[in-house]
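Lettered A, B and C in written order, each chain numbered from 1.
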Amino acid sequence: MIDLLAQAQPDNVFTRAWWDALVTREESWQILPTAFKFTVAAILTVGLYSLLYRENRFYRFVEHLFIGLATGFSVVGIVWEPVLHQKWWVPMVGAAGTDETAMKLAYWPWAVVLPIGVLAFFVFSKKHGWLSRIPIGIILGLWAGQQFNAFQNRYLPQLADSARPFIPNQFTLSSRLDPSGTLTVPDAINNLIVMATFIVVLSYFLYSFEQQSKLFQRSAIAGRWLLMVGFGAIFGTTMMTRFSLFIDRAYFLLIEWLKLGPIA
Amino acid sequence: MNWLIAQVESPEPGFWGLPHTDAPLLTQGFFWAIVGSLVGMVVVIFFLARVPSNFRRPIAVAFVFLAGMFYVLEWVLPRGKDMSGETVIPFLFGSNYEDAVPVVANLSQIIFGLLLALGILSIFRVHFGRLFRLEKDWFFSFVLLGSMAVMIVFGLMNWSLDQAVAREAITSEQASRTIAAQGFQFVFFDMLQNLDAAMFSLIAFFILSAAYRAFRIKSIEATIMMATALVVLMSFIPIFLAITNWLPADQFVGNFRVDTIGDWILDTINAPALRAIDLGLGLGILAMAIRIMLGLERGVSVD
Amino acid sequence: MELQDYWLQYKLEWGWVEYGTILLVVAFILYNIVRAGRGKGVTIRRIPGLDQIDEAVGRATEVGRPILMVPGLGVLDGITVQAITIFSSIVRTAVRFGTPIRLLNYDGAVYAVAQEIVRDVYLSEGVPEQFDPDSVRFVSDRQFAFAAGVAGVIQREKVAATFFMGAFYAESIIMAENANMVGAIQVAATTQFIQTPFFIATCDYVLLGDEFYAASAYLGRQPVLLGSLVGADWAKMVFVMFVLIAAIAHSFEARTPVPADERQDLGFADGQIYKDRPQLFFGKMTKASRF
């Protein structure tokens, strides 16, 4: 049992020892009963589900609670702790060495980032609004610069892979047991379909033509239809994963909370 | 004891990295360096705010362009391998350009972090306004602000506990029994994460009603989409697989098994169709990046 | 700095071809921007979903309810900037009709940009006093908290039209179905094509793929945007030609048996005599210059 509060002198309020004492003070009720936690979680879940019927006060309460908690967590757990504290404050001020840890140098130039970020607040000023374009421009510029490399890495291998060989090197039907590199007649046909799909769909995404020619119009319509096949496939695969999420929640509500069955 | 001394050996201070010692803050060099750079930036901003309006656009575009050139240079500069086999980009005065990449990545993350404050400001504007004027739904604004405050307080307390554990002031077992840790556990794991999971699982209901609506649309495109969705969905569900499972997989009729058809659609139609749409999006992004870097995008550069 | 291997990038086989390809695309885009700027008749085809925007805003005016815009779940990048550029022309229509707007954001930086651009639209339409800063809001930067908040706004304010444009993920269907529950007209466009099918099932009009990028050119008809769209078109056509030519080359390459003494170097499996797909010329080429 530690009692840092006793060590903390009343006159050094807000010191590290005082703060440690405040947060580390132990209480007897410390462990909330699981049943209570589960009930709170279940009530919140039901509150969100009530949206399916219609928007109501219960949902509105849970929604605002949700946004409040989420934003609070973003402030501490996403922005302050991993980014501003670890990547900005600690490198900027460094730390004094102790008997066991080495001193950390204070890289003071990080300080200039703060005024740059603060410039964004000029967005509300009519007169100096343009100053907010500087931090925003830096973010957008860095994003833009990365896109060239990203395009090379992502799309050129895809294009190379789309150029499929379409003349069979073995005139048979089945290829399941053949060594890799074998291109049977069905493989060749599939490769042709792959290329045709790619080109036909791409033809739908040409904008600078009025699509006067019949061939081009038909190709664009076929492109849309093939796209719909592709989208249908996504719809089917995604549906499966979404249902497994719902089953997980239903398990929580019915088995873990209401105890309507044995816990697997 | 030599190893102990080696372990606590302090790094060599330089111009950019000043030592941090136990001396009072006001006597330390780094503190005044930070204060000095803040004051310097305020002066710079003061003069920037007074720049004649016809120089504003070039200044803003220059920032965008220079920021963009950083990663463009990283992309085009020739690389080599140093003696330890690491990939390096030799740059001016024997420096390694690659060393600057994490610094710049951190820079943009920090600016992003600072800009979240703008969002919080928006939340305060909307909800404190509603609360003070006691408008309709003021109670819910109170709930929002209250839960945000609770999360921030527990989050900070829990964070400082983590720091105490890292300093070995207390053990992690002791830390986990405190009010701060228990409270954070409750608001984060028991409340926030359950809310996330509940909202995510709501999608199952909405996907069903969306599918029902799409099936009712009398258009060729919607029919094609939902028919494919059905086939692919069937290829994942054991009951439907069982219907065609008796067809031998290694013969010609094996092509008509539900799972084979599903796989064929995914590999032969879905993949290239999505590749084509993705290529278009990639070109759109590339064009956007060029326009942003050159300051041609009207929405972003100064008018 | 001592190096054991310098100019590695250009020593790699064919690495320069990839740089050349991207330079070519950039040149296409810049050339067409210049060409469109000179007033050379650059036209683009009709994009059906975009013709419906005025109608949707008009209907919102009739029923006296707001229109809702969401620039997606992206942080501040080109995608959200594009979304906000599209929104600025929607807001312009709304201002002319006198329709109230809601623009809900996921990111603080995007919120700042949206705030400024929307205010500029009101200013340029000569009604700055009608702009309510709280109509452009930050909701939350946590995915499902954002979805819950947007669903709440949709249901409480009974929005008459929704415009979802930008990068959307799993939450897309929650927002779009809620808008359906209140009978809103919906126009959607997303760069995350995995979500496009859900928008197709729930929305009245969906912009597919890079119609999203074409939208601002279509709505604004600015030479810069039209030009870069045409430049991207040229690149697409070159890529199609490339695929056709490379496919023929690959076809012959895949038919040529590899001599027995070279198979080991190429990493062939037992009994393999022909090159497999990733071992063909362009597949190897694009792989070789990766780090």
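Please note the rule applied: a residue touches a chain if its C-beta (ideal position, glycine included) is under 8 Å from a C-beta of that chain, and two chains touch if they have at least 3 such contacts.
Only a predicted model underlies this, so the values are computations on that prediction, with no experimental measurement involved.
S.K.: Take chain A out and leave the rest in place: which chains still touch each other in groups?
M.R.: one piece
S.K.: On a CA-centroid basis, which chain has its centre farthest from chain B's?
M.R.: C
S.K.: Looking only at C-beta pairs in contact, point me to the busier pair out of A-C and A-B.
M.R.: A-B
S.K.: In whole angstrom, what separates the CA-based centres of chain B and chain C?
M.R.: Chain centres of chain B and chain C, defined by C-alpha means, are spaced 18 Å apart.
S.K.: Between chain A and chain C, what is the separation of their C-alpha centroids in Å?
M.R.: 17
S.K.: So, what's the distance in Å between the C-alpha centres of chain B and chain A?
M.R.: About 6 Å, centre to centre.
S.K.: So which bits of chain C are touching at least two other chains?
M.R.: Residue numbers touching two or more other chains: 19, 22, 25, 76, 78, 81, 109, 112-113, 133, 141-142, 144-145, 148, 170, 193, 197-198, 200-201, 208-210, 214, 229, 236, 239.
S.K.: Going by the contact rule already set, what residues in chain B reach two or more other chains?
M.R.: 112, 115-120, 123, 195, 199-200, 202-203, 207, 211, 221-222, 225-226, 229, 274, 277-280, 285-286, 288-290, 292, 300
S.K.: Got the chain A residues that touch at least 2 other chains?
M.R.: As it turns out, chain A has residues touching two or more other chains at 48, 51, 60, 62-63, 66-67, 69-71, 73-74, 120, 123, 135-136, 139-140, 143-144, 147-148, 151-152, 159, 162, 195, 198-199, 202, 205, 224, 227-228, 231-232, 234-235, 238, 242.
S.K.: Considering the complex alone, what residue numbers of chain C touch chain B?
M.R.: Residue positions touching the partner: 1-10, 19, 22, 25-26, 29-30, 33, 75-76, 78-79, 81-82, 84-85, 88, 105, 107-109, 111-113, 117, 120, 133-134, 136-138, 141-145, 147-148, 170-171, 173-174, 176-177, 180, 191, 193, 197-198, 200-202, 208-210, 212-214, 222, 224-225, 228-229, 231-232, 235-236, 239, 291.
S.K.: Inside the complex, what are the residues of chain B that reach chain C?
M.R.: Spelled out, the residues of chain B in touch with chain C are 76, 78-83, 85, 87-88, 90, 94, 96, 112, 115-120, 122-123, 125-126, 129, 195-196, 199-200, 202-203, 206-207, 209-211, 213-214, 221-222, 225-226, 229, 274, 277-281, 283-292, 296-300, 303.
S.K.: In their shared complex, at which residues does chain C touch chain A?
M.R.: 18-19, 21-22, 25, 42-45, 47, 76-78, 81, 109, 112-113, 115-116, 133, 139-142, 144-145, 148-149, 151-152, 155-156, 170, 178, 181, 193-194, 196-198, 200-201, 208-211, 214, 217, 229-230, 233, 236-237, 239-240, 242-247, 249-255, 268-280, 282-283, 285-287, 290
S.K.: If we count contacts the way the header does, which residues on chain A are in touch with chain C in the complex?
M.R.: For chain A paired with chain C, touching residues are 48, 51, 54-55, 59-60, 62-63, 66-67, 69-71, 73-74, 78, 120, 123-124, 129, 132, 135-136, 139-140, 143-144, 147-148, 151-153, 156-157, 159-167, 169, 179-183, 195, 198-199, 202-211, 224, 227-228, 231-232, 234-235, 238, 242.
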